[in-house]
Amino acid sequence: MIEWTGSNAIWIAMALPLLAVFWVFLFGNVPNLREAGSIVVSIVLFCVNVSLSKLVFRGGRPEFSFGEMLPGFELNFVVEPLGMVFALVASGLWVLTTIYAIGYMRGHHESNQTRFFACFAAAIFAAMAAAFAGNLFTLFIAYEIMTVSTYPLVTHHGDAKAKAGGRMYLGILLSTSIAFFMFAIVWTWQLAGTTDFREGGILSQAFEENRISSVLLAVLLGLFAYGIGKAALMPIHRWLPAAMVAPTPVSALLHAVAVVKVGVFSVLKVAVYIFGIDLLADTGASEWLCYVAGATILLGSLVAMTKDNLKARLAYSTVSQLAYITLGAALATPASVVGGGMHIAMHAVGKITLFFCAGAIYVGAHKTDISDMRGLGRAMPFTFGAFLLAAISIIGLPPGGGSWSKWFLAVGTVDRGMYFLTATLMVSSLLNIAYLVPIPVRAFLTPAGQEPMKINEAPLMCVVPLCITAVGSVLLFFFANEIYSVLEPIVGVQPDPS
Amino acid sequence: MIDIYSQLPILLIAIPLFAAPVCVLLGGRWLTYLLSVVVCGTTFAISIGLMQQVIKYGPIHYEIGNWKPPYGIEYVVDGLSGFVMMFVSALAAIVLLYGKPSIDAEIPRSKHYLFYASYLLCMTGLLGMCITGDLFNVFVFLEISSLSSYALISLGRTRRAPLAALQYLILGTIGATFFLIGIGLLYQMTGTLNMSDIANRLDTETGPRTLLVAFGFMTVGLFVKMAVFPLHSWLPNAYTYAPSVVTAFVAATATKVSVYAFIRLVFGIFKPEFAFEQMPLGTLLLTLSLVGIFIASTAAIFQDDVKRLLAYSSIAQIGYMLLGIGMATTDSLTAGIVHMFNHALIKGGLFMVVGCFVLRLGSSRLSDWRGAAKTMPLTSLAWAIGGLGLIGVPMTAGFVSKWLLLTSAFESNHQLVAGMMLVSSLLAVVYVWRVVETLYFSEQPSAAAKEASEAPVWMLVPMYAVIFAVLVFGVWTQFSAGLAAEAAQSLLPLDLVPTAPTVSPGGTP
Amino acid sequence: MSTEQFLGLYNYWIVIFLMMTGFYIVIARNNLVKTIIGLNIFQISVILLYVSMGKISGGTAPIVPPSMVSHGHADVPHVAHADNHADARPHDLHSDETKDLAHDHQDDHDNEHDSHAAQESRGTAEDHKETDSPDALVNHPVSDSDHHAADSAHDEQLTYSNPLPSVLMLTAIVVGIATTALALALIVRIREDYGTIEEDEILEMDRAA
Amino acid sequence: MISFPIIRVVSKLLIPYILLFALYVQFHGDFGPGGGFQAGVIFASAIVLYAMVFGLPAAYEVAPPKVIEKLVAVGLLLYAGTGFASLFLPRPNQDVPVTGNFLEYEVFQHNLLPGILPTGQHLGIFLVELGVGITVTAVMIIIFYAFAGRERVA
């Protein structure tokens, strides 16, 4: 038997989604068996991650290595708290999304469901690999696998619009990662002689030895920030709205959780473990990134307000929210980094709820435009109720989980003395209210249009997951302290041994 | 009894050479096909045996007719030549195994036995170029492979095929003659034709000007055969109008073997110090290959014929190999050699996919491929995977060589080259993905694609063997990168000292 | 470069002239047959280059003289057979002695270059010396005093031209013939398909198609 | 051609001598200048002359294209076969029996009819030259046929 150790758990966690891929292909013609397998695997994966997290949060750093893939470059996996949180969020939400996707896909009679579920599992595999990646090289490989495996999901419908969206998606993500990310990794490797993620960063020595100036450090950071196109920093955010042509479960899991979070997660990891927050703070190399992130926060929110299509609005909202996390990395203070890490979880749970709701509205009422949703709240109370809860969390109002992460980010801006950015955060929150809250409010309070109300809630398999996530986003408010304490070690604070 | 192991080097050449006239004698279609497949398989097995011996005991020397080396012809198998011969013979065997339906469809039946004879001769020529340790012999084998490939290309279905073959013939002959002039000048200076003997006798440091002339002639001659930009003009037509099987075989092997000959020339005969310090080979290669990569990749984007698209892509990919040679460090040379191997796999696989589509859809024009993924899912998937390899996405073979090239560029302080290389590889995304989109996401399938059926199983299996190899060698790099590293190590044990003072990593000023 | 030197290199001038002529024809002619003729001239120039390289003025064909054969060789020596497989090249000088001769010749030709160049101070040997090629092919059959068989056979009439370039060129000629035949065959097919062998007309037709 | 009796008569007279000369060059190639290559061309020229004077159909009867095509292969096989044969024969004068390398003619030494049959190196060269001669003859004729008989064959 395989002994239950941390390092075994790592490869098991990565093997499970792959198993799901094969399972789905194997039983592609037997929908029930195919989907039952997906659910079982996702639940098992979550349990594995939970048990692994206990070890990690106590201060363990399990490792697993596939050995050198290329001379000097190992396929190496190390679990640290940030990655663990990300893995927990992704795998936990995968369970719900799978259930939701079954309801959605069946309710919609989508074609090519086998390809859909297989690619879905492959994307989760990539997310796990990215979360556990022990060095930049491994992270890069996981990142690219995710790009390629999600492309068929984006172009799922196969029409001209999907094709254009897919082209934008693949074009931006692949080209930025090849042109910038890869370049930055090799540059880092040349400077530091390694690409391992280490506490305190690996570039400080090169800087002390004058092999790189602070200006070039800023350039390198830029290569990373824009190379990781999944972080959707303006002006390379266009792929994210374009990817909204995908079926809603895809948008929900991938473009609220897995794909985009891999992006910001990578940015955080690079800032913390490659540059080291001390180096960033001392050299000011990340200062420009703070402003770019701030601009993205504001512009994303502003654009979101102009969108009438619900998914497009949520997409721009995501662009804006992702920039919060990038900002957390760029501010490079302990509070901001931890806040950024928390926001990964908070935003993931909140945003997936919103997308679930969008999908449920589409399945139940066949509506995609916000202006058509008047009075729908009475027909779909659970859906819009959940929407409201999640919106509160995203905006950052208590009792939503998002309030904590935004608080720590704001603390970070004050620590760095960037009051201008503090103001930006506040303005952005106001904008969030402006573009999110009216949707449920209008749905509940305005009377329905002239058409007769024959609309019911979406199928149970759609509604249950979104209620769970909505409740989750509120619960996170109360468990914020736990998340904070498990994330603290990434900025050098040792965990409480008790 | 005959000691078969000691005779392996000559058997590698003699068996296919012997089989070619036998094909002519036999005539017919099935018998010659079976014979050719068996011979190619045997050749592959022999090359594996040779490689094993090389790994175990070091380079093998074989004296033809038992004449001692500087006078007799010597065959030498070392890490590099063994490696190249192995993948050349492997691809020759697989392409032939795959190609029967395609050959039946594209080549007149009365010419089949001649086709197989030419195919075997072409393979003999390519293998001979690798194995021989004698410079004039290289020329002879070069011409054997060239002549037979001209004949193979002219077998294409359209009337443009003979013209394409003729264009190739004219340029190829000029290239080969240039090479011959170089050989003559070297012989004049040293009085010997044995490569290692020439290397020993050639005084590259204070040598006469004739040396420069010889080097120039041979380099340009091989540039033509490698289709280095701007001497590539023969390649697109030749690849486009040749029968699909021929294209798959020639594209996968011929230019690679020329690159091999070039590596031998630069590192084995002329010393790298001469080539890169006295002659501006490094700058020349870097410039030509970068310009070539950009221009050829851009040209590939605008092609409507998939064969032509891949042909331009080949010109660009040759550029990557030359980048590896041009940076002239052990690591970059390793990357160049690995890319030879990887690209042979990828391009061979992709052209095999094209062959399947041409068989079923009757055309290699992109507009006829619309929506073919519905009716030919497996073939289309093979294209997608091969295409990812060509782009260099992680877990495919293309990534390995690109990564190695990138790291070696950084190591030798060619950051600009590294950046341009990455940007240029984005162009590959465009031309590969155009085809993927056409296959998978076309709303209006073409008439041919609607009625097409999946390619026959015995084309699919060998094709997937190659495509699968693209994935395997993207993960398991010990084999390809390991052998290449050893070969590079033996060719260029020490990096050349960079002439311009640069900040060396790790050193404090 | 003095006039004398210039004329002394006459073989190279001829080669260069032919080469450029051939090259020009290949590039400038539209007619495919003429292109092939140009290609042939181009190849011929290289053949001349090789042959003139190996030729010694006054040298004979490298046939092993009877005086050497009588040194206990039962075999009748055969000479300079030519065939289209390059393998046979070094075997031309058949007996062991001759092999050794060739060997010694190569080992020592550096030292002896001067004396022999003086002796044969015409043609290529001189040319090579005066251009900066030190190891020009000096073709002297026998030179070293320590060679047992050579002593008796050492006389002027044994000066022979290096057979190797000629043999190499025989191979090159075969290749040239094969190329030309193939090219002409292709042209015949092109003519049948297009009705013309003018390249620009063919390209015009292709573009129209 | 019928109207040129002189040409017909002269060629008829000449062709045997051309063939004879070809054979001389072929088999005396071992002793003096000559060899299979030159001989093959001379031999082929006789056939070509015959074809030019008496017409292609007559030449096809003398040298049928099918046969000639196979002869190309036969000549090559003779050459390559000599090489292979040397792989299987033992080297002379060795303590431990070792077989020869490819095209190692020394292994062809034998004691049959010494002085009349060639042996050793001589035999090897003889066979290889013969193969070359056959191939060159056949190739030259086939090239001629290919061009001269284009319309009729096609």
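Letters A, B, C and D mark the chains as written, and numbering starts fresh at 1 in each.
Following the convention adopted for this analysis, contacts are C-beta pairs under 8 Å (C-beta built on N, C-alpha and C of every residue); 3 or more make two chains touch, one makes a residue touch a chain.
Just so it is clear, the structure is predicted and the values come from calculations on it, not from any experiment.
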| item | value |
| --- | --- |
| Most widely separated chain from chain C, with each centre as the mean of CA atoms | A |
| Leader among chain pairs (count of C-beta contacts) | B-C |
| Chain whose Cα mean lies nearest the overall Cα mean | B |
| Intercentroid distance (Cα basis), chain D paired with chain A, Å | 79 |
| Computed distance of Cα centres, chain C from chain A, in Å | 73 |
| Computed distance of Cα centres, chain D from chain B, in Å | 37 |
| Centre-to-centre distance between chain C and chain B (centres being mean Cα positions), rounded to whole Å | 31 |
| Chain D residues counted as touching two or more neighbouring chains | 103, 105 |
| For chain C, residues contacting two or more additional chains | 87, 91 |
| Per-residue multi-chain contacts in chain B, two or more chains | 64-65 |
| Chain contact topology (line, ring, star, complete or other) | other |
| Chain pairs that touch, as defined at the top of this document | A-B, B-C, B-D, C-D |
| Residue ranges of chain C touching chain B (in the complex, touch as defined) | 23, 26, 32, 35-36, 39, 42-43, 46, 49-50, 53, 86-87, 89-91, 99, 102-103, 106, 109, 128, 131-137, 164-165, 168, 171-172, 175, 178-179, 182-183, 186-187, 189-190, 193-194, 202, 206 |
| Complex interface listing, chain B residues touching chain A | 388, 391-395, 400, 403-404, 406-407, 409-411, 415, 418-419, 422-423, 425-426, 429-430, 433, 437, 440-441, 443, 475, 477, 481, 485, 503, 505-506, 508-509 |
| Chain D-touching residues of chain B, taken from the complex the two chains share | 1-3, 7, 10, 14, 17-18, 20-22, 24-25, 62-66 |
| In the complex with chain C, residue positions of chain D that touch it | 29-38, 79, 103, 105, 120-122, 125, 128-129, 132, 135-136, 143, 146-147, 150, 154 |
| List of chain C residues in touch with chain D within their complex | 61, 63, 75-76, 78-85, 87-88, 91, 94, 170, 174, 181, 184-185, 188, 192 |
